[in-house]
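For reference, the structures are reproduced in the following blocks.
Below, chain A partners chain B and then partners chain C, in two separate complexes.
And then the complex of A and B:
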């Protein structure tokens, strides 16, 4: 009897997940710190990011100005912290739109199948073929005046087909599993199956894709800022800070280095968390 | 399917102008448009006819290679694009040569000893580079190479074509090509490495080893081809992405390719030129993806049989 039990437990023992590791929690802490900084930037004891101190122009890092000042005497540390607001808002906002539209549609299409799925998937694949970055630039360049809300809206809508494809593929892999069929046989409603059975099981894939999606969108916002298509100066954003500093970087390299470092470390944190979660939950073949 | 997608893209780039609020003539000509210019534009685009007729007029012109004449620079859109496109092609070809020439041998080295010292270093390095956007790479390169070391990079006024003077041409394209290559390298290295590791555990590799075939020959002749499907897939996406997204590097280094032209067209509100470039780039991206799908089917015939 005990031998039999041993055998059963051997067969049924779930595979151990890879541990998340210390570095994972450091990254989580770093991202949280950035988000807190962005939300409470006007409460924190920071200098005014728009104040031009003509007595301290192009000052290096020091006690009074932690990261130094720019060519107009503005405090770089304050501008980096305030600049994170734009990046985080664009990243979170547009992914909220992308997932808000793309995820329910993808789940529904994979669960229902049939004509609804066929038509929707065909539309999404055609949209996916259209280079999103070009569409974004084209729309933003002619849709004056520019605002943060418009940027979030345009990037968010452009990401819908991609989110749809990832979520649909993930749901399809699960929708044919035995426990879903069992739930159907028991007479569970479609809504209950979608929310209680499918949603928790695709959540790990969705979350890791969400994090990598946010990183991609933040990079895109930085590129848009370079072309002058993001928020208008003097509002700081990491992208437009790096862009503005190009002309003076021979005299004041700190002006380039600090916002670049802030942006890269933030992206690195997001990518690392996403990557770790993916291997932790053993998400193998969903193309990201 | 391909023709369907291209049709939708053409409708999309055509319709772009009608999605925008206001009189399309004002959008194209700017607010300072004179009534005569407006009348000419209305006649040229047929703006007072029904929308589907406008589309057919436009698309039949485009198919004959006529994308209209810019109202800003008074030059034909098609000739502007024809001058800029070769620069993009050269830049992409150069960057891909660098990326493949480094990624393939290094991935093979790493795959031979997974979790060995080289694999760990390259793994951490490539993961870090994954988080560095190309515009930061280029700015830092300019900062450290051009400014600190005093090596100049050329601008559009001094840009020369490959056939005129290939040394000067390659000099001016070296920095952007390396920048674009770094982004491609990271993706290719990671994809090929993990696929090679999976392939090397297959039985036919053990078989080849037991026959005494050299490590090098096993890598190139036996393991490389079945491991290259995901690599080719990501190359297709990546090259398409470089065509559509190469503008940042071009803009920063003032290399007059399509991306640079697109941005300056946007800044001057040169609507017809933007429309033309959007159309050409979108169709180009779709074609590149299509070609790579085709190559993948040749490299791994199992895929099309499924």
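And then the complex of A and C:
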């Protein structure tokens, strides 16, 4: 077997992964900062977002009020930070529900195929055909009183068909690969194949879609808040801050600029991370 | 029949796909058997049903649109009609499979050591340390240098030949009695092909396995098989010892197949002999011999009546032909 040793040279060195780039890490830092801010908002040295300082109404950005104040004298910086709580909670919570239901169903359907897949996919596509935003608006308008939990639940359920479609397609591309059949003829059970073989292979796609999904859902919450269908004032959220500031845009542009900027940068960061991860993990088979 | 001594007995095995154009008989009634420690070659063109046959024997079918009739008894286990749960008991330990393309038959996101460990731990109930030791042993057995190091790498870091060795190591993990190798060298460089085939041959003897070698490359089966089955349009057209099939074939298709492969002894710029026409549409098979439209020796009888396998002069040699080629044995021996 000595001639086999010649083959050693054919073995490739582990490829050094291309770095993810500075911008990627800036985005990660920014999103982390936002999340930390949202979690620890009441511990951080922030002003009370509900305190109405009548000595400083519609004040511009300054030392005392970093981002200025709104028409009731409330500190905009504090409100933006507190507002991120609602956005992030809705984004993470509803995607948790969406993936919790949509991903296992999508994987199972793609792996099993047959009648189960046909029926489930038909149902999901019917749901997809109905605009999610109309459905959520309809449900939230009638399901009183509104609470953060209900909003998360409704948006989460509305995202199930989308998640299902993405995960099912991703799984289908993998499920017919030889290594899945190979695992099967080695006697692996279906559950084992789903968790050990399929899941790690679709994980990169799932994670990028998760991040982009969170961004989409946050926009949806913004839209709902703008229509007055998200959390009730005076609880701040980026969406309802933009909505409330609409009327005073001419006198106090800061009131609309800062929450919009916060929303915009957060979404941009998430989208960029998701996109970068997707292209990073897009393993086109190593060229030999 | 002396079924007790046979590892695999296949009888009237037929696999039919329900397609939009009607039932398609990919395998149309095939019978053969395989003894322990024997290498059987299954050869045929693309679409002759050899891959479907091998997957049917494995008990691997798409979940719908397919009906399997007949019987395939593997070491006393009837594969046809068995439940997934029952087949899981024989997969890996009775029969294992080596795939055509080593680039797609290993999980790209799992270290190769773990891929071998999996079946050792799950099927044989070994603990982590034992499984690792055994996996390294298997890597060594299939001729992978510095197996401890290779245990840690991902498939993407290995060449095609090395990966195919890993695939074989995985297949051997459960000490199967039958190794099904479906075109095991088609995806490899020519120089690596011989190495892999020699390895399979060597392992067969060392581990007392039987091997079914499915291929379209006659060079692959020529020296390494004890018996050969020639398939055409889902049926066996000739079956016999390797010597009989190569030197004493009676079916015109076998000869055409042999003549269409290049030979080193040919002078340069020799045109390859080709078989005129194309393989038949399996949806529109005639009642006669499937090879009739392309056969040089065709008669009216060939077109209307299908020949069945008939024994030849040598024991174990069968062919399905109304106008068999004259036996060449006498000529050669003189």
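One rule holds for everything that comes next: the second predicted complex is superposed on the first by the 263 of 288 C-alpha atoms of A that agree within 3 Å, B and C clash if a C-alpha of one lies under 4 Å from a C-alpha of the other, contacts with A are read in each partner's own complex, and residues count from 1 in each chain.
In this section, a contact is a pair of C-beta atoms (placed from the backbone, for glycine too) under 8 Å apart; a residue touches a chain by one contact, two chains touch by 3 or more.
In this text, all values refer to a predicted model and were calculated from it rather than measured experimentally.
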Which of chain B and chain C A:260 touches, first, second, both or neither: first
First, second, both or neither for A:248, with chain B first and chain C second: neither
First, second, both or neither for A:113, with chain B first and chain C second: second
Touching partner for A:20 - first (chain B), second (chain C), both, neither: neither
Partner chain in contact with A:192 - chain B first, chain C second, else both or neither: second
Which of chain B and chain C A:134 touches, first, second, both or neither: first
Which superposed partner A:28 touches (first chain B, second chain C, both, neither): neither
Chain A positions touched by chain B in one structure and by chain C in the second: none
Chain C partner contacts - residues on chain A that touch it in the complex: 1, 3-5, 7-8, 10-15, 112-114, 177-179, 181-190, 192, 196-197, 200-201, 283, 285-286, 288
Chain B residues touching chain A - in the complex, by the definition given at the top: 4-5, 8-9, 12-13, 16-17, 19-20, 27, 127-128, 130-136, 139-140, 142-143, 147, 240-241, 243-245, 247-248, 251-252, 262-263, 266-267, 269, 271, 274, 278, 281-282, 285-286, 289
Chain B-touching residues of chain A, taken from the complex the two chains share: 126, 129-131, 133-135, 137-139, 141-143, 215, 219, 222-223, 226-229, 239, 242, 246, 249-250, 253, 256, 260, 263-264, 267-268, 270-272, 275
Complex contacts: residues of chain C adjacent to chain A: 58, 60, 63-64, 84, 88-89, 91-93, 95-97, 99-101, 103-110, 118-119, 122-123, 143-146, 150, 153-154, 156-162, 167, 170-171, 173-174, 195
